[in-house]
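Look for chain A in each of the two complexes below; its partner is chain B in the first and chain C in the second.
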Partner chain A sequence: MTASHNMITFLSRQALTAATPMILAGVGELVGELSGVINIGIEGTMLMGCIAAYTVTGVSNHGTVGLLAAIAAGMVMAMIFAAACVWGRADQIVAGTAMDLLGVGLSGMVWMMYQNWRENLGFSTALPHGSGFSRVPIPLLHQIAFLGPVFFDQYALCYITLCLCVVVWWVLRHTRLGLIIGALGDAPEACHAAGVRVRMGRSLCLLFAGACSGAAGAYLSIMQTHAFATNMTGGQGFVVLALVIFGRWKLPGIIGGCLFFGLINSLQQTLQTARYTSQNTALHALTHVPFQFFQMLPYLAAIVALAIMSRKAPGPRYINVPWPEVKT
Partner chain B sequence: MPGAASRSLLIGPGTDDDQSCSTESIIYAGLHRLTSAVPRGWGAWMTTAHPALGLTGICKSFGGVCALDDVTLEVQAGTVHGILGENGAGKTTLMNIIAGLMRPDSGRMEIMGVPISTGSVRAARSHGIGMVHQHFKLVENQSVLENIVLAAGKSLLPRRPRKLLQDIDSWCRKLNWPLELDAPVGTLAVGRQQRVEIIKALCGGGKILILDEPTAALTPAEVDELAAAVASLARAGMTVLFISHKLLEARRICQSISILRRGKVVYSGSIADLSVEEIAEKMVGVKMDVPRLTPSARPTQGPPMLELVDVDYRIGKRRPPVLKQINLTVRPYEILGIAGVDGNGQSELAALISGAVNPTAGRIVRRSGGNASVPIRVGYIPEDRHKEALVLPLAVTSNLLLRQYRQSPFARWGFCRYGTWRKHSTDLVRQYDIRCRRIEDAAATLSGGNQQKIVLARELSQQPELILAVNPTRGLDISATAFVLRQLLEARARGAGIILIHGDLDELLSISDRVAVINSGALTATAWPQATPVEIGRLMLGGA
Partner chain C sequence: MFKRFFGNIWSAAIAVALAALVCGVVLALAIGAAALLGYPPIRLADLWLRGAAGSWYALSSSCADACPLLLTGLAAGVAFRAGVLNIGAQGQFLLGALTAVALTTRMMIFHQPALVIPTALLGGAVAGGLWGLVAQYLERYRSVPVVLSTILLNFVALYLAQAALQGPLQALGTAAAQSPEIAGKYWLPLFVPYTDFHIGIILALVLAVLLWVVQQRSIFGFEARVVGLNPGTARAMKMPVTARQFQIMFISGACAGLGGAIQLLGQVHFMTAHMGNYGYAGIAVALLGRLNPLGIIISSLFFGFLDTGAYRVEESSLALPHNMANVIKALIILVMLVLAGLSLRKSRRADRRVTAPAQESAP
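For the complex of A and B:
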């Protein structure tokens, strides 16, 4: 009884841990899409965040500096994207694909250069001891049964992400700024007539999204793991993209989707370890299944769940429509 | 009594116009409240000698094409000032500059003698300038209140700022317009959406209200209500700029006018000094002869080409019929006009005649030369240019060939022959005077009048025997309207039978052989030429 109870608690905690970077990137992407810009290159931005956080932490010996570097890297990526799509009228899908490829290639290249450079100097490429982040249990609260380990024994960025979700939800729901962001993607000419600078507004939303994606990358490389590997995001950016659409551009839907994905992911990881350690013959039989099969499971589950649960939603009307519509 | 004092000042020349409808009296009742609660500061600027709005030497060009050329004009406070001009004369550009949406290349702008910086919506708003655009700038899935807050809110945070709510409430009371603040704007009718736009423009200390073609989308009853509201606003000291190209309307609503032609002010002054003909002449630049049916061209009646016999049409079985017991006949060499207030079944009648829908009961017979078995060539000029008549993103040449592109000589073996397309289109463009830079340009880039010419060219160049035209001159300026009417008369002279379903009674009577009136889905017997225009107007409103 307690064993299974512990199991559920553990899985739930892991689910939130795994979902955090996706929630973070999802909040940013949501704001960007509401303003009328879809950035399908979040994956690349997250990877740039990963590598920026990892290398800067390695050099500076301070995780916080690494996190800030990741946010800055994400914002730089967003600026490039905004320059192309918002100010330069490029197609957002094409430019987003380019941003993804740029992020994958550039992060890999920086990683190789960093390795060479550190090794030539005679340093290890691993993070200096204690410079990465570890879990921050919140005093007292983390001792509450179930809720404690799940919500109050996480990484610092997870708490920040949850707070950010509340703030963004409040802004979108209860402020004029939220109206403006929604109108940027739904009726930019109304914003223009009201004296809101449409391109500037969209650029700011993209900058916010970039900062979020960058931070999400940092979470992967200097919090959840203390390592970098090429393509370590493993398609999470694209999952986020799908979740924003299937969450019908609503924050609770997106968070729910991320948590579901995180849950399946933690389940899959647990299963992979359990098949070697468990006494259960059925589980043990799974040792013959290649590990890639398990890694595939969350994506499969996501597709099935989305296909069953998603309903049609129109979404922001002016996604991928440049402003002004007719070039003057 | 500061209220009474300012009110005597507020009433400008010509406000005693002949609007005695009931809305007027309601608004007049509300006016006492209005004048006794004039917002702070109004008294001060009312009494100064400065004009409410002064423009000096405004120039603006787009890519080398001069849209406004040295525009100088003054508008006195408390008046309704009409800005008249043909499509493309620069009216909307000028208004966008006043509202701060565009920055002029040169020139100055003053509000009550105070120079204000151009090219900033915020600066314009803070000086009390609000604009209602012809195509509303509303976010359809946001509520009425949210739309107003979006445009008139000052801070980024509050969703329901108390001061703005009070402002909205006071304007709604003054105009006697109850607004459902929480209704999504997209669910409101066009007339209601316009009210939201007007309140939105007034909030935040509105002193100058710009209405860009406000009557284009309204029914006659709504136009009356709008006119009454505008009059009461002017009486309360607001300055209203009223953009229009409809002369009769402008005469009714405005006290003074400025006429723009090709970016220049050709007249500025009282409207009472000019006759309608003189205004039209100034707008167009040449003396216009209005196309009319000449009595000598009376029809030689042949066998009917189109007959509707006891036609009923209903949408849904339990709903009352949209059209009931329609009987009509069209013969060669005649124009049958159908008059009526919009929304009385005209769209459904057009859909029936064009064959888009089938009648629920009764029958429709189309005959070519008296022979029911030969398909008749029909030309159709639909009501909605943008949705039904044209494919806006396609090139002019493609739009011209929408009916024939698969036929010889425009295609062979299933392949398009662009050479013949180009030749055919170039001919039509010349023949119908379609102004476009290249025939490959998208139809969307052309002005409304030229878009309608594309439709006419496509539908009339094939010499149709039967022509169905629905509101063919809606939104067109004087010269384009004359062109369209002349084309219809030419088609008639060629022997076509024409059904003209048209909301503009003056135009309808000037070119129709016979006119029937549609009201609440029922068609009267032919009323014109037996009845007088006034009697027809009464029939349109449902009178006997």
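For the complex of A and C:
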């Protein structure tokens, strides 16, 4: 096995690790948008997932409980959003911004109170040893060349996410349920005529999206890093939003976008260190480039990719149109 | 004419009264919730109010905090009205501040504040505007939706600013991404001494009124509104749609960039890449002000007062996290949205202006 081969394996593994939370949140957001509701506030929901997972894991000593708490927190956020947008006819863009504010505010508030509380009790705010998740190599399979380290040496939630992707893809593509979800966003009148409760359907789709975003938040705080910091999602929620458009509301496209983004991200991180250690003169010359330009790469690459593809997709027709429509 | 004018005032008064009622109820609920958590409610409310408006100084710091919010709010409001979904005020704000600090530190050798300050403000505005134009160019000629490119460009601007602040603009003797502090004579002058009332606040207010007049009373403003409501109609009426969109984007970005420059020269005086989330908060400010420049003045002041009071509460012995203010803002926006959606169905025509552009081009 050559060195470059190792490098490619490592990069691909890191790419999938970094892309997992975005894929997870993206699947949820896709289902929500297909049903006709765009949620700009996934960033806030992910943050709530982060803080819920971290604090509950810290208190209960069990990562699984934390993960469930994050999913629950995401669903609560989704319920608030659904109450405002689906049942309360609020504008989705505006309400989404408010949900983002709510998530930032509430997670920051809970974090500060949690720190005070733990310190008053004389406990550390760090996660108890062994309560966070680590990578779970799948026996035997992880020894396969290339595929093993990339696909079978990931965090547990990554496997679940990949399975979920297949299930959601199959449901959207081949089942009556998928047809209904698509119709909720494209032809709510037809759904109504067929006896489907439009608002209930949209709310359920949003609940699913909230659960996904919450779990994505948990992935960031108790799997990938074992730490919480205010605004730790760092704009990933917005990137997911962009990637759903990028993937033209098609699941494979979105996953591809997330992986592409994750790959460029892990590539730039590796380049940042490799330029100092490598003997290669071309790589070594990069030492004069400020590291921020490397950090910028994924975003620039996304813009360039979009500019090259240069084709707009319309998206679900009834996004941000409350049901039932008011005729004026 | 008479009736129309007073009819407008009447409905505006109702809207403002309703908004005030909602704000009051949510604030009362928040204080009640804090009381349940064991914080003394009266003392909390007292500290909050005093921190936000208890003295000239408190009042001035609230207004100074509202100033960048007003400008980023205008940036979002102007653009959304014209159907240009500019989410990039954050990046435009940062680049405005960056340009201002670059110009000021490079032009200090002239020792001419009267020359340097206007140049820095103008430079900041132009930088923000140009950064906005990048997104509009991508939309027009490469079919990249503005919502998307502005989100991505925000991050590009962030890392550009950090690179500059750790490179050519870095302060001596520090490893952090931070510019040197600007000498006192290049700060924006205060119009009330020993407070935070700097002339940037007046500038922002004048700009808001100016934008309102343009929006309501000029052909340019009318055309921009039509472009936002329905580009097809605008095209059929032989309006220069593309030109209007580019111009609106430039104005929007310039507002945000000016906000960054004013915040830098008037308030913080040295730059880091973490100058607050004014860009994103501006979107909420604009939407709460219903995209009307005058409404945005009120909502930005409200946000400024809430934030400043909350910071004083956090610094006090109560130590209630300042993020409480963000939660309150979010709840107020949600409640007002639902009220608008449920009860004002009949007067939805006014809302149409707010929602229609979003429906038109939302992803």
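The working rule: the second predicted complex is superposed on the first by the 305 of 328 C-alpha atoms of A that agree within 3 Å, B and C clash if a C-alpha of one lies under 4 Å from a C-alpha of the other, contacts with A are read in each partner's own complex, and residues count from 1 in each chain.
Going forward, a residue touches a chain if its C-beta (ideal position, glycine included) is under 8 Å from a C-beta of that chain, and two chains touch if they have at least 3 such contacts.
Small disclaimer: the values here were computed from a predicted structure and weren't measured.
*Asks:* Specify the outcome, clash or fit, for chain B and chain C once both structures are aligned onto chain A.
*Replies:* fit
*Asks:* Please work out whether A:180 is in contact with chain B alone, chain C alone, both, or neither, and reply first, second, both or neither.
*Replies:* It touches chain B, and chain C stays clear.
*Asks:* In the superposed arrangement, does chain B or chain C reach more residues of chain A?
*Replies:* C
*Asks:* What angle, rounded to a multiple of 10°, is defined by the Cα centres of chain B, chain A and chain C, with the middle one as vertex?
*Replies:* Spelled out: centre of chain A as vertex, angle of 80 degrees.
*Asks:* With the two structures laid over each other on chain A, which partner does A:164 touch: chain B (first), chain C (second), both, or neither?
*Replies:* After superposition on chain A, A:164 lies in contact with neither partner.
*Asks:* Is A:84 contacted by the first partner chain B, the second partner chain C, both or neither?
*Replies:* After superposing on A, A:84 lies in contact with chain C but is clear of chain B.
*Asks:* Kindly classify A:286 by the partners it touches after superposition: chain B alone (first), chain C alone (second), both, or neither?
*Replies:* neither
*Asks:* Tell me which partner A:138 touches in the superposition: chain B (first), chain C (second), both or neither.
*Replies:* neither
*Asks:* Check whether A:193 is in contact with chain B, with chain C, with both or with neither, and answer first, second, both or neither.
*Replies:* first
*Asks:* Between chain B and chain C, what is the shortest CA distance in the superposition, whole Å?
*Replies:* Between chain B and chain C, the minimum C-alpha distance equals 5 Å.
*Asks:* List the residues of chain A that touch chain B in one complex and chain C in the other.
*Replies:* 326, 328
*Asks:* Once bound in the complex, which stretches of chain B touch chain A?
*Replies:* 62-63, 99-101, 120-122, 125, 131, 133, 137-142, 146-147, 149-153, 155-159, 445
*Asks:* Which residues of chain A touch chain C in their complex?
*Replies:* 33, 38, 80, 83-84, 88-95, 97-102, 104-109, 111-113, 116, 235, 238-239, 241-242, 244-246, 290, 292-293, 295-296, 299-300, 302-303, 306-307, 310-312, 315, 319-322, 326, 328
*Asks:* Within their complex, state which residues of chain A touch chain B.
*Replies:* Its residues touching chain B are 174-180, 182-183, 186-187, 189-195, 326, 328.
*Asks:* Of all residues in chain C, which touch chain A in the complex?
*Replies:* Within the complex, chain C contacts chain A at residues 87, 138, 142-145, 147-149, 151-156, 159-160, 162-163, 166-167, 277, 280-281, 283-284, 287, 319, 321, 323-331, 333-334, 337-338, 340-342, 345, 348-349, 352, 354-355, 358-359, 362-363.
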